[in-house]
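You will see two complexes here that share chain A, one where it goes with chain B and one where it goes with chain C.
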Partner chain A sequence: MASTPGGFAGKVLRVDLSTGRTSTEDTVERYADVLGGTGLGYRVLWDEVPAGTKPFDPANKLVFATGVLAGTSVPCSGRTAITTVFPSCWPRALVGSGHMGGQFAAKLKYAGYDAVILEGRAERPVWLFIRDGRVELRDAARLWGHGIRRATLEISQEMGADCCVAAIGQAGEKLAPLATVVNSLSHSAGGVGGVMGSKNLKAIGVQGSGGVRIAGDMEQWGRLVRFHLSILGANNQHVVPAFPSREAEYYNPGSRWVGEPGRRWGAAEPPVEITGSIRDMNRIAYRTNSAAFFLGERAWKHTVRGNGCTSCPVRCHTTLKVPAVAAKYGVRDTAQGTCIALNFGRFFFPTLPDGPKGQAALEACMLGMIMADDMGIWSNYGQLQRDFIKLFKDGVLKAKLGAAEYAAIPWDKWRAGDPAFLLDLVPRIGERRGELGFVLGEGVGGPFDRWGIAEETWEADHATTYWKMGHPKHHANEDDGQCGVIINTQYNRDAQCHSHTNFVRNGLPLHEQKRLAGEIWGSPDSVDAPGQYTPMNPHKARRAKWALLRKELHDCLGLCNWMGPWVASPLKERGYRGDNSLESRFYSLATGRALDREGLDEAGERVFTLHRALTIRDMGARDMRALHDRVPRWVYEDPKGAQPFTPGAIRMDRADMALAMDQFYALMGWDKDTGAPTREAYARLGLDDVGRELAAKGLVPGGKDGGQG
Partner chain B sequence: MKHGKHPPVPDFVAQAAQAAGLETELSRRGFLFLSAGAVASVAALGLCDALAAGRKKAGPPLVILDNARGVLLADPARCVGCLRCELACSEHNDGRAQPSLSRIKVSRALAYGLEGPGQGRHGAWGDGLVVQGVCRQCPHPVPCATACPQNAIVLDPDTGARVVDDAACIGCRLCQRACPWGMLVFDEARQKSSKCFLCHGRPKCVEACPAAALRFVPWRDLTREGPAPLATLSVTPGATACVDCHAPALKAPRPKTTR
Partner chain C sequence: MKRAVLVAVRASSRAGRLIGLADVRAAVLALAAESPDGPPDQAELTDERLAGLLAAHPGVAAFASVSGEALYHAPDLLSRTYARILDRRGSPALLMAEEIRANSRDYPRPVPVELFEAEPFGLSRADIEAALKTLAADPECADISFVESSGGAAFLFSERFLPRGYAQFLAERAESLAENP
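Let's look at the complex of A and B:
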């Protein structure tokens, strides 16, 4: 054990499902330069999955990878990235990752692995048993067709209570692009469930008795962990409370720090009242209550507790108990979730009888969480629900579903905002029943391809919040002007980046944010308040780059980008400063490989650039600017005709955004005209092999003319 | 004296018991079955000192330990299942992040409660309640200490915590078998047992809990509450039979008393 490198578990497990052969490789030797997580996943795809591979081909690979900080006491370090050719990316599947929290990352490392590479396709349904060094493929015939809860329970019975199971439900088995992999009851990774289903792999059960070695001095390590705790806020690193407090100079009603003293976890047994200092390190878990944030007052009395990932004190994954749903709908009365997964059921209803925070809303949330996390359905960041509503309102469903199917759907319940509607609709999607269930499970590409809807229709309608390539916006111009837009152009799914929004929405007043921004990104002008936008400047481009690289870095290290980076803090005595070097300080201590902030950010840039290279290779095009980094029309429009840069307007200006992209590409060392990395950019990051291969295909600016770009 | 199944009580114990007026109790039930009340009397009369003196002479294991001065209390309703306590314990005490070495045990009850998958009504899969496992720092008879053939579970003079003397532990795992609450830890890599020693009076798990679910309080007897304890494994002074049956780990030093 003493020979294992610090931070890394040390081995990557490779499982060929076609042959049943398993093998391991040395993580550090092979993957240290790409850190782990998404970096490891991109590297496997680059080296081993040829361009043009379809998501459900046996040649596609599915890489479950965590990072050096997972499994340790570093706060917010419970993440696993699952990288593959991403099925819901439309019209052509490209590289992408789903991300999950829960217990999987830590357990995998305790078993001795930083990652699992799954390749090929099993002849029959199997599940993967991992107990420390023992790895087996076991028969999953009896689990196939069942939900995630059943599969997880039976595997836990076989392995023991302390295993962690990551499983797919019916949606994944039936190759729905909108399918999740779910571990620990409710921690889901979107979009990747169908790939697992295509490999006939029902689940991975993992149990580990080992540990993660910290290479550095343990006293220093302990001090750094305590420091990190001291600069934490609530979920999304909101650093001021949502309520006035004598202990806080500022408060902001938009903050997710809703745990005001006097509030109660009303469904705890006995109920737990929040008391004491809101700044107490031993009360961080009471700050966040996702259910109360989204559903308001009513949620408190149904709150059992905050749940969440291994080693995270923030507990954004609220456990709710609502006995009424058991009585009314015949489902369990307890469920848990965060953000969009928590809202899965509620978002299907345009109106609810007692409003968006009423009892029906709560019940719809409960039903949605329970059903979606059992069948393994992904909402595509709420796009599924928005599409459903739009398709109905536009008359598409009536026109495209057969008369019998249409008539069989209880629309009266939907119109009435009766949560029981979900009992009909959700299984259609999970089991891909009928035209409706099949098409919705495809993602936005379903209606586009099968029902002949033009993508422009979605791009023009702000209500869809559709961005491009089959996915919606994810913290774009509504939060962060040009930075948000740049960030949303870069990925092949919704951007999943929170680095930027965790700062601009942290609750501090603008003058404090601007002061911090001056220190971090070189100018106070790098930040605008949401909806109070100013024209583009190079400092914003710098912040956009920083946000993207940190997002990628977090996905490589096992850190949570829904919390980090931690560049602001609740500490007035620190001038609300956080620590921009926190990740590198942890990385250096954990691994014993000293890297300063610039060094680690460069590794993040290497990984991010590898993602870019994979996208270019698989699109067979180098003109990313025109073909990939697109911005939907609604971003440039305002329903009331407000002009750009006027107070309250979130619409952007085309010329200004073009300048924004110029500045961003320049900072990345990418070609301004095409947005493709240059040979020099690849070489600078140690990706010369990648640059050379792309140049040979004419996919590097100035390279031989062979690409379509 | 008739001792039933028990081997003869060493002379020094008999003498000490006689001095304390406990010879009848001793002869009737055997040394290890002294009642708690009797232990108090023994302690008051300085019997422990007498026993300690005897131990130096003959080297048999001693199993009477003074009560601890502190104990951990855990509130399941507050536990958020983050496992920061387990990580703090193993990082601080073992120098690595390894919950399987943690002396506070939460992972095992996290998903299904202590009853496990299928039966459990607690844990994230049940009602959400996570019941933490903490060492009760048992009063006499201390099951783990009693079971140890090496007398390797001893009193920390500062806290009164029952601690494993690493040098004396031979890795036979009898303590693990003996604890009614499954609180002993076995480090497979080192082939050594370990248990909660209250971090010398500043428990790291308490410090690490983000939900104030753990408290370090003056000791009280928690063994009378909760599930019925398993039968206490006992080792009688002077006996080496357990070591003979339960072979010590090959890596561990041979016990000094082995013939």
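Let's look at the complex of A and C:
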């Protein structure tokens, strides 16, 4: 038997749901230059999905793709990217990807596959059985109409306990653009569940008995893994604890490193007390408690443990047990989640009786996690909740819902901050019941299209944090000035980029951040203190480009961009340096193909540019600067009239942002006027075929031939 | 002897304590009592000699405490920041003022009042109230001020390092981090 290539599992599985035919292709031969993950997904969409394909057309494809480092012992390497024509992108669906952690990526690789390409549409509900080389479509009639939890448990019973199930809930079945795919019960990929539903595919169960071969020296590999562990902080790579510690020179009350000796996981059986050194590599999992970060002190006594992804010691999916929710609301007493999914229920309420960290908030979080992760509802990074609140406050719901439907909604519970309100609202969305459930499940494009609300209304209201194209900002100017704004202009959904914010929020004092920034991006001026922004400079553009390319690179390699990059560390003895070359060092050892940092970053740039090309092709326009890279009005306004660059003002300056985009486009090798890649940029990145095709359509700067005759 | 003073400082830091010269001397003698060589000549254990040995050691840090006494610690076991907090714990007003200033200057950020209730500060609410009154009456501490976030939380900052408007922004931001995942 021939040995598999290092890092890659070696095969891509293709499943035609219309015919039931399955086939495989060689990953390295076909996709090595785009690495895997989103790169593989973009390549499939470019080659196989024609412009104008709608998300729920059988011609759309859904690409579950892991990366070279998934399934290995690299920390934080449990990610799967699911790429498709993204349904919540408004007013026109464009390429996008949802991302999930959990155990799916590793299991898929152990089964021998780097990716699964799903195409066509099954005649009736099915689920996909993958056990190593055995691939079958099985009947899902008994699962259809039921939640993700039931699908997961039933398939697990059928396959065995060591399988991993990625499933959709009712929201996906009913083609809600705001639907998730969820694996391992709480690890969700947003926006792609409806596409899976449109293919009549309820779930994928995967089980593998293989492994991932590391091509390089295993001793070197082991040393590098241990080094990576040594530079890890807590969730979001916060490298200082939230509390003063004997073992740390710095602390930051805003840090997600909340676990300290003396704290207890009170709902563990028996309860676990955190002891020992906060620096101990075998105790990294105690650093993070997402529930305590978001909900405060009371979460500790309800904490069972930290759950998380394969190979990740950070364990950001905190498992909570709250018996009161079982007694009061008749649901399970245990749930797990992190970040926006953990807050799904709480964020529907403008106010809660005992504040945002009180008992009602905790119960709302529990109900939200339990119901959203079962019905497979995506919050669109909290836009769903903000839309709901704004639609109510602006009187839109009263005006647009029928009188009977409006009257049937228990508004008194909502006003009172009673979590029981969620028992009414969430199933409406998941099952797309009534006008409210249908429209909210559409995403923000729902109210725009169906209720005639102008997008400008949302763009002008900072409280919505709406950015563009149906999605909100995701760590923009409030965190990182011009860098944050540039990053938020680039994708067709919320940016999901954490490269920049994980650095500015890492907890180190400003002088340390600036010192590191000088080393990494060429100038301390590439970083500002939050809300104390200085005018644009080329170093900030360089950092924005770095942040985007690392995000894309992580999405290709199976690494978690919620945790990385790892350019800062908790290690005083290293001057708080992390390692800007970590990804390329792992890639080189895993694959046996030596690529330095610049080389791997260039591969990330290739993938990012392919995303740009797909966007240009599918929009049928090359003027990205005017039509795509938009910035909402609220970014340029300050409620108190503060001027840009005054301390405490996050409003940006239009001329300065125009300069920022100029500088970013120049660094990318894109045309300044249109923000479209040039033929040279495509050629430099090995995307000449892409440049040629776009040039033939007049979608490259310089006219029909892209300036190349 | 060099090794003995280092052992003394590290043991103290490991236990979360600062150590002065008198305690270093006592520890050195205790260690020596267990040594086959017997105790060192007392004349060798002068403050100057001990301070010189400690100053020469790269793994030992020293600072002048609130009382004026030189205190020692091993920063890899007991950080400088933590050491300062321990030293000032007996003077809540000074402890709060200096911590507020350091946070405003270095990060920059205002700090929530509750910070001082938690360890290692360990102040009671009554202690904090009393300290804030002391600070308000002390012209040397006129820079210490507070802002209230829209959520009602009080944050303390130093006007020497943070303009009030910026402190207000940073307080709102600190409060909003749990709403901005």
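Note that the second predicted complex is superposed on the first by the 702 of 709 C-alpha atoms of A that agree within 3 Å, B and C clash if a C-alpha of one lies under 4 Å from a C-alpha of the other, contacts with A are read in each partner's own complex, and residues count from 1 in each chain.
Keep this in mind: contacts are C-beta pairs under 8 Å (C-beta built on N, C-alpha and C of every residue); 3 or more make two chains touch, one makes a residue touch a chain.
Computed from a predicted structure; not experimentally measured.
Overlay on chain A: chain B and chain C fit together in the combined arrangement.
Within the superposed three-chain model, A:A361 lies out of touch with both chain B and chain C [touch as defined at top]. When the two complexes are overlaid on their common chain A, residue A:P509 makes contact with chain C while staying clear of chain B.
When the two complexes are overlaid on their common chain A, residue A:P253 makes contact with chain C while staying clear of chain B. For the combined model, the angle formed at the CA centre of chain A by lines to the CA centres of chain B and chain C equals 80 degrees after rounding to the nearest 10.
Within the superposed three-chain model, A:Q157 lies in touch with chain B and out of touch with chain C [touch as defined at top]. Of the two partner chains placed by the overlay, only chain C lies in contact with A:G648; chain B stays clear of it.
Residue contacts after overlaying the shared chain place A:C339 against chain C, while chain B stays out of touching range. Between chain B and chain C, it is B that contacts the larger number of residues in chain A.
With chain A used as the common frame, the shortest Cα distance separating chain B from chain C works out to 21 Å.
When both complexes are aligned on chain A by C-alpha atoms, no chain A residue touches chain B in the first and chain C in the second. Those residues of chain B lying in contact with chain A across their complex are 77-84, 87-88, 90-92, 94-101, 107-112, 116-118, 120, 124-129, 188-189, 207-212. Considering their complex, residues 243-254, 262, 293-295, 339-340, 342-343, 347, 355-357, 475, 478-479, 505, 509-511, 529-532, 572-573, 642, 646-650 of chain A touch chain C.
For chain C in complex with chain A, the residues that touch the partner chain are 13, 16, 75-82, 85, 106-109, 111-112, 115, 118-121, 151, 163, 165-166, 168-170, 173-174, 177-181.
Across the complex, chain B is touched by residues 1, 71-73, 103, 106, 110, 153, 156-157, 160-162, 184-185, 208-214, 218, 221-222, 229, 265, 268-272, 276, 280-286, 304-313, 315, 319, 321, 334, 336 of chain A.
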